[in-house]
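Before any comments, here is the structure.
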Amino acid sequence: MDIAQLQAALATYFAPWVQALGLVVEQADDDGVQLRLPQQAQLAREGGMVCGQAMMAAADTGMVLALMQHWGTFKPCTTVQMNTSFLKPLAGQDGIVQARVIRVGKSLAFGEIDIRGANDQRSVCRASTTYALL
Amino acid sequence: MDIAQLQAALATYFAPWVQALGLVVEQADDDGVQLRLPQQAQLAREGGMVCGQAMMAAADTGMVLALMQHWGTFKPCTTVQMNTSFLKPLAGQDGIVQARVIRVGKSLAFGEIDIRGANDQRSVCRASTTYALL
Amino acid sequence: MDIAQLQAALATYFAPWVQALGLVVEQADDDGVQLRLPQQAQLAREGGMVCGQAMMAAADTGMVLALMQHWGTFKPCTTVQMNTSFLKPLAGQDGIVQARVIRVGKSLAFGEIDIRGANDQRSVCRASTTYALL
Amino acid sequence: MDIAQLQAALATYFAPWVQALGLVVEQADDDGVQLRLPQQAQLAREGGMVCGQAMMAAADTGMVLALMQHWGTFKPCTTVQMNTSFLKPLAGQDGIVQARVIRVGKSLAFGEIDIRGANDQRSVCRASTTYALL
């Protein structure tokens, strides 16, 4: 699936509230899928920092797209578990969400997500996820 | 802090996108803070299931309120880590988010969150979190 | 399965290095399986605190026994994921490991483990786990 | 700290039960610390697979050494949280444990660990950890 197809999938398979994150698919290649999480006032807490809730939602969403890219199509799957670490605040810049498929088995898939600042390229958030294929 | 104060804190300390979840504080007592996550089309994926991103956001938000209740006031803190397990889908009913403070130390606080169906009372999501006091 | 059968399972299904923890099955009832992790010099770091590695191993082991109790027999399954939080040190006392099955589906099972001090009854470690049925 | 110093630290700072894993420090460089987890009957469950408990213990231990390498010395710290995903079984070969420091702040440090088969170089286990500096 190419960038345009993945961007279209964002509008098809995700809840409107998730779409409100404004995620933009920027790359889709052997290193997984890369999305931009645009800086927006509605995602910021006091102090201008992007809220952690938005980063978790972007990470999970990025991973679903990375699985679609891996399979070349949408397959029904469900997030079983996600663990997220918040390394430092993200403020005053977009976030870049890099989602990588680590392993896909018959019934389970594993992925890892890194979110970094678009300007300073510093990692701010790491997540690991498990998906069950339905 | 009573229910009204915690509800007011939701409008003060959280990003507008988090406020769009429509969380309602329903209880605040020795068992922590309980919120209602109302069923809404904007939170649902195809098939009417509440998206996991909304449950993670509700869990994290509930825990911040439970810490405020514990301290009796807002204190600056940041989510260090959150781990979420999705046990079964939530569909066709509101969610009840129960956030409990497990331990508060000098620099770290730990909490656990359960989300269950408001109608069938079955647990759909469990999360554990670590917060750093700033 | 009763306490004696679960204790026997510890010697049958677990690696010798895990058996060296000296876990003792103390209860098996509707609240899951309870094990004692005896205080031992070989499990302690400098300062006499039980090492976190031993607590993670005890938690995972306790959960496998809790699943056996749930099913009434051993079924092949594998740990997919375990998340552990260390709340405070455990020192100068045995640990009590309480493993509870949270949900068992067709292909996945979820559990939660609490480890507390046998003397002061204070929780020192919490874990949540996901198992895949093979 | 060089390989010999890190190997010596294994005998100084870790519980005897952890030392029984037989971990061997093989590299220590800009990519963190690499340990070998030797294949041993005492670490295997029925079927010859290395038990998950041993992989979690090796991952946590590797990360403490990676932090020592980062600081150039031992500093008192404690594991706050560790999340481990088990991707596939490890059997019939040693494990290679690669521990990387992701971020070190004033009071918290974050790390990631990958365990792969020494022969087939395939990743079998991923862990992410949070440490608190005391």
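Residue numbering begins at 1 within each chain, and the chains themselves are lettered A, B, C and D in the order written.
The definition used in the following text is that a residue touches a chain if its C-beta (ideal position, glycine included) is under 8 Å from a C-beta of that chain, and two chains touch if they have at least 3 such contacts.
Quantities reported herein were computed from a predicted structural model and do not represent experimental measurements.
Centroid analysis (C-alpha atoms only) places A farthest from chain C.
Chain pairs C-D and B-D differ in how many C-beta pairs are in contact, and the one with more is C-D.
Per-chain Cα centroids separate chain B from chain C by 28 Å.
For this pair, chain B with chain D, the centres built from the Cα atoms lie 34 Å apart. Chain D has its Cα centroid 21 Å from the Cα centroid of chain C. Across the assembly, chain D contributes 80-81, 83, 85, 130 as residues in contact with two or more other chains. Remark: chain C residues 80-81, 83, 107-108, 130, 132 touch chain A in the complex.
Touching chain A in their complex are the following residues of chain B: 12-18, 20-21, 40-46, 51-54, 56-57, 60-61, 78-86, 89.
Residues 83, 85, 87-88, 102-103, 105, 110, 112, 123, 126, 128, 130 of chain A are the ones that touch chain D when the two sit in their complex.
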